[in-house]
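First subunit A sits with subunit B, and in the next complex the same chain sits with subunit C.
Let's turn to the complex of A and B:
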């Protein structure tokens, strides 16, 4: 009973702040709403006994990415309040893409049989996750790290001083 | 009017005397009635017999016996307090008595908390004992898996001295997870409120002594010990101003985003083996995540204030935190690799064999990692020499320039709690956590007499074996070092901060990470003999260095204490030796 209650609370927090991310015109407020979404999803992971995933979610997204977004806004913005002001073409494009995405997701939701999962009683051991990452899933893991390395080199190239 | 007028204090002294006499009479009479009632119920329902312990009797004993007894004793104490209030007031006027009452109270509360943890451990043991089928306690709220009968049986079988049924009645409610959680949350909130109050007073005293002055001396009598509570009350009454051009919603949200995450970190921070709210298997990651979220609050505070000094502070905080999180996490990886787990209780359990088994002395990599972690943690708590987000001499007050009153104090609550949390992580990962520095053979032995046993258990639990008091003392030492550094070192510039991180600390932690990996590979997996010999040699040298450091610290402390009133300078009368 308590777990169901907690689930509905966290799900509500996630959804409401997700709507806030999209609806807010001020980019910093959007970022703060994103904190609510990411935190709510992390809480859902905690409810599902996926402690490692929840902690990583908080560190990487809430503690890292979000700060970088706000930092980037502060460094680049000219006026104190950055406001989204999309052109008509951007609005039309966004509407088309959103409708396509929504239709696809709805078709996926309705047209499939969803298997009921079994609840985990204990959190999977961190050691097992590490072992799997470095044995069974080594190629995707390394591909992701190469991608990050490329991004980092690109960022360093863009940011280097002009000679 | 020179005095506050209180509604229950009559203006006329004679009327006031009758008030007082009535109060004393009513309090004492009410107290005696309650105690007599409690004793009567105790006799009537035969609560003292071991034979008939039922769940109904639990309700009777808690509502009918323990509650009236507690109320009665409290009323009698109140009556005696009113009766002797003049004498009590006269005694407390002398600073030393007030301070000893205060510290006696603190020590008493610590002992009570320790006793409480013993009871929790006992009820856990009971649930896991073979006669209960080693069942794990269920999480449902109103599901008691043990009856009072079973508890009484367990007590008479294992702890005959405690086999009074009243003990069973007191223990019975403690098996509910919800009750334990509520008590633990109460404990965390209490501790979190005490840390900043004590820490700020301590910081001001230390700052005073380091600058050849006294610090707060007046409020409360003994060395101004009540200065922080008085400041807290003052802050509550101050006007809470929000600049009209600020982003109102974010301005209000930011202090809570700074204040709540460090408290959440306390959820996973163990004070001792059984003294942890949730013993997460990823406790370390969780605490790091919470410390990372705290930064969001600081950045938002600076941004939402719409003030250039605040935005400068927030930007400095952002770039400082984003860079220092990396060396901090990488130096924490070294003890984690050595221990092979992220669970803080399990890491501390591996360091229980005396101070030479602490991870800081394990090998040269851990030794360096401790210092690089400590430096990075100073930056993550924005303490000097890394207090650039706040730097009061350049940015007014940095990110909290526009804040006042209670919102302002929330930032300081967050900062001081975070300081304790990072010290606590350092203690658990490197300095043996709640384990005593003495080897296990040092623990006192019991000899069978119950009062000797009791004293032995108390001393072992507090000093010679393990215990939260050891953890708090060790963390308080690292906390003290943070204050010491703040009042000793000058603040460095932002480019120096980033240089120190990216070009010094980061390569250093990378080297020690690689070194530790190869070390573990060579010694534990490939079993290279000569590497093992070098390792044990380095271990001995490090232990020796540690012992020398501790003795030097004690000697410096003693020297400072014995010369505490002697100052430096041309005007002082009592000179420091050698000046």
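Let's turn to the complex of A and C:
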């Protein structure tokens, strides 16, 4: 009962701010609404027994990626309030297509019965996650660290000032 | 309605996914497109974690979600570096203006 209430509240926060992201014409407002979506998804992770992931979501996404986007907004416009609007026809077409996509996906899901699986009873301990990261997922982990190095060098190279 | 199951999370993430696609298609500001990609990746992450919670019972979905978050951060860093170059070249961040292969 309490879980259902919490789920509906967090789902409402996530959905309303996701709609805000799409509907606001101003990019700064979109970024602020994205913060609501990221926070709502982090709360859903708590409900889904993924405590560590919720913390990572808040730190990396809400604390890092979102700040990076806001910096990008500041660096790439003469004023933060510039607005580029798509034409009305483009908006109507895109809205129709995405509503069709959403209803199609939901209709697929609602009637579907999943095979009985094993439910997770408690949130995995940080120690277990770390052990998995360095045993079963060692190769992706190392690939990810190389990727981060490449991204760091690449971003510094791309964003360097013109000579 | 009152017992939350896998389908609740899947429907939520389907809707967020569609909103992310809509955001990517309708925004003309390049950073708006990046924000749409973040919405789509978050929807995918909710799916991964929900399947981990209700179907497998193991933390594998969490691992995938961690890597997705990492890739999203990397993609945002590179994307913003590219958009800064775009802005330096064209003096605007409107993606509709970037339709020439050479100036």
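The definition used in the following text is that the second predicted complex is superposed on the first by the 121 of 163 C-alpha atoms of A that agree within 3 Å, B and C clash if a C-alpha of one lies under 4 Å from a C-alpha of the other, contacts with A are read in each partner's own complex, and residues count from 1 in each chain.
Simple rule for what comes next: a contact is a pair of C-beta atoms (placed from the backbone, for glycine too) under 8 Å apart; a residue touches a chain by one contact, two chains touch by 3 or more.
What you are looking at is a predicted structure, and each value in this text was computed from that prediction instead of being measured.
Trainee: In the overlaid three-chain picture, which partner chain does A:65 touch, first (subunit B) or second (subunit C), both, or neither?
Mentor: In the superposed model, A:65 contacts subunit C only, not subunit B.
Trainee: Going by the contact rule set out at the top, does A:99 touch subunit B (first), subunit C (second), both, or neither?
Mentor: It touches subunit C, and subunit B stays clear.
Trainee: Taking the superposition as given, does A:56 touch the first partner, subunit B, the second, subunit C, both, or neither?
Mentor: both
Trainee: Quick one: is A:75 in contact with subunit B, with subunit C, with both, or with neither? Answer first, second, both or neither.
Mentor: A:75 sits against subunit B and subunit C alike.
Trainee: By residue count, is subunit A touched more by subunit B or by subunit C?
Mentor: More residues of subunit A are touched by C.
Trainee: So in the superposed three-chain picture, is A:13 touching just subunit B, just subunit C, both, or none of them (first/second/both/neither)?
Mentor: After superposition on chain A, A:13 lies in contact with neither partner.
Trainee: For A:35, select first, second, both or neither according to whether it touches subunit B, subunit C, the two together, or no partner.
Mentor: In the superposition, A:35 touches subunit B alone.
Trainee: Which residues of subunit A are in contact with subunit B in one complex and with subunit C in the other?
Mentor: 52, 56, 64, 68, 71, 75
Trainee: What residues on subunit A touch subunit C, complex-wise?
Mentor: Subunit A reaches subunit C through residues 1, 3-4, 7, 11, 14-15, 18-19, 21-22, 27, 30-31, 34, 37-38, 41, 44-45, 47-50, 52-53, 56-57, 60-61, 64-65, 68-69, 71-73, 75-77, 82, 84-86, 90-91, 94-95, 97-99, 101-102, 105-106, 109-110, 112, 114-115, 117-121, 124, 128-129, 132-133, 136-137, 140, 144, 147-148, 151-152, 154-156, 158-159, 162.
Trainee: Can you check the complex and tell me which residues of subunit A touch subunit B?
Mentor: Where subunit A meets subunit B, its residues are 2, 26, 28-29, 32, 35, 39, 51-52, 54-56, 58-59, 62-64, 66-68, 70-71, 74-75, 80-81, 123, 125-127.
Trainee: Considering the complex alone, what residue numbers of subunit C touch subunit A?
Mentor: Residues of subunit C touching subunit A: 1-4, 6-12, 14-23, 25-32, 34-36, 38-39, 42, 45-46, 49-50, 52-60, 62-63, 65-67, 69-74, 76-78, 80-88, 93-94, 96.
Trainee: Considering the complex alone, what residue numbers of subunit B touch subunit A?
Mentor: 141, 247, 249-250, 253, 257, 280-282, 285-286, 288-293, 295-296, 299-300, 303-304, 306, 311, 314-315, 318-319, 321-322, 325, 340-342
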